[in-house]
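I've put the structures underneath this note.
There are two complexes below, and they share chain A, which is joined by chain B in the first and by chain C in the second.
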Partner chain A sequence: MNLKNLSFYALILFSVIINSCETKVNSLPILGERDFINGDTIYHTIPDFSFINQDSQIVTNETFEGKAYVADFFFIHCPTICPITTKQMLRIYQYFENEDRLGLIAHSIDPVRDTVPALKRYAKNLGAESSKWHFVTGNKRDIYEIADDYFSIVLEDKEAAGGFDHSGRLILIDKNRHIRSFCDGTDPADVGRFLKDIEILLNEK
Partner chain B sequence: MTYFKLFATACLFSLLIACAMSNSEEAAENELKDELYLIHDEVMPKMPEVVRLEIELSKFIEKDSNLMSIIDPALALLNKADEGMMSWMSEFKQPSELKSSKSHEEIMEYLKLEKAKIEQVRLDILASLVKGNTLLDSLKTVKTF
Partner chain C sequence: MDDGSGLQGIIPPLASSDYVRNNQGLLPCIIYQGMSGKIEVNGTTYDSEMLGTPQLTEFEITNIINYINTAWGNDYPVVQHKMVKEALLKCGYNK
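Then we have the complex of A and B:
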């Protein structure tokens, strides 16, 4: 074997070694509490919910059957945080606009003022298709209780009011109602990382 | 020609003075608006706790209606604080929205009034949380549903 062939095979071997050493993320962890029953791991799942969207359609867990979705909490007259997070939700919406396996749901925490017509106008101004991005309202207690459920998983500070704080977090839920990722919706760089997490989730086998 | 130069110079100075005044007026409006937002930003994060207390105290009444007379006063304070903040935010107008219809002096008066309103909302929120949390703690000690 001459030097030229030896160098070629060494290069091939080197490439194989380098590629097998790379850490590729193929899946996201399942977040939240878990129980172990009879050898099985039982992960926290998002409880049943039922709200009304901007088209007066009822939105439940079944609306996202077979899909992943991104959830956030907002209200139309929020002067500071919500406009920033909604802009980032729009970014996610546009990035995955043609991806049928992902939906979005924005829960209003001000059902008194964020009526269905108000949500309709708000969604229309954003250019959001209601079949993909649901702006929902409903019973205030139901909204806050499900917010508590989402945020009790993602917040490290359990002392935060009811587990839900007004910090603009966006949460990724998979088709099995498990929380798989979250980000700070006021931080574009963190949302960039979140976009990659969504892609990882959608590509999971 | 000399008169024309004098006139042109006077116009230029007037324009510069008007711009300076406009900038200082806007600065004053923004400063007052920022003071107002500081008050808002202090108590807005407490809103979820206000709502959580409303929910928790309501649950006690649902389980035992005899508690209504004890719980209602605290619930009323929390409801007032909750509604106070949400309605203040929905009604508040930015100075930029008022420029076309109000003078600088009117905008400053408006902002001063709004600052007083949000300060009252702040006091309502803080007082309702103290009363609500104290009552909830005592109910949890006494009642185990």
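Then we have the complex of A and C:
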């Protein structure tokens, strides 16, 4: 091969490398444990769920079909963590208000007091559209168990403020039920980074 | 929250709050016992429940009110411990 052809091919190779460098940076990993079975990678997946939202509508994984969503755990009478995390959820809600490919789900960990009417009032006061931001209640054991799958800690604890101990995590799930990012909902700077992660995920699709 | 702005529709603000400015005498018992029912703050009606903090002492409550009165641009007068103690005695404080 003569020098002219060599330079030509070197130029092509150079352009290809530059272009692939640009796209590689903007991608979120799939989080959680993974199994390797018969050469396939099985990623940590959110299991089937069925809860009821502030409009008495059943909410399941199908509710978020084809969408990404942000999940958190709260309770209405929470004096400390939840007001802060809900404020950050509101920030996410407003930032992506016109983005149909993103939903939000807030699970109540106090289903005894957080009835459907109580959730309806709470969501309405906050100004949340139920088709986009679901406030759900349901079987207590189901909610506490699925919190694990969302990497969130939820415990009933008489000594804790409000009676429940829980992390203020916000978790991002993609349309394949995989966890792609999470943040500390009590830290506005961390939520800022999380907002960017949501944008990256939505651009990936 | 740390900027005194509350949570829209659910938790009223403390920063520049007309309710705080006009109800200084009620603050000790509100902090101690909590409150519920409709209130209007800066033109918005709120109807949630605030939990009390009965573990606080009269001195801590005095300090909290004075913090609120002078933070986030608030310039309400400093309250005296005597006023706070008298108000608390009327709502069951007995430490």
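As a working rule, the second predicted complex is superposed on the first by the 166 of 205 C-alpha atoms of A that agree within 3 Å, B and C clash if a C-alpha of one lies under 4 Å from a C-alpha of the other, contacts with A are read in each partner's own complex, and residues count from 1 in each chain.
Criterion: a contact is a pair of C-beta atoms (placed from the backbone, for glycine too) under 8 Å apart; a residue touches a chain by one contact, two chains touch by 3 or more.
Just so we're clear, the structure is a prediction, and the values are computed from it rather than from any experiment.
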item	value
First (chain B), second (chain C), both or neither touched by A:145	first
Which of chain B and chain C A:117 touches, first, second, both or neither	neither
A:83 touches, of chain B and chain C: first, second, both or neither?	second
First (chain B), second (chain C), both or neither touched by A:47	neither
Partner chain in contact with A:192 - chain B first, chain C second, else both or neither	neither
Touched partner set for A:127, first chain B, second chain C, both or neither	second
Touch count on chain A, higher of chain B and chain C	B
Interface residues of chain A shared between complexes with chain B and chain C	77, 79, 162
Interfacial residue positions of chain C with respect to chain A in the complex	1, 7-11, 46-49, 51
List of chain A residues in touch with chain B within their complex	75-80, 109-110, 112-113, 140-141, 144-145, 147-148, 160-162, 164-166
Residue ranges of chain B in contact with chain A within the complex	37, 40-41, 44-49, 51-52, 55, 58, 83, 86-87, 89-90, 92
In the complex, chain A residues that touch chain C	77, 79, 83-84, 86-87, 90, 121-122, 124-127, 162
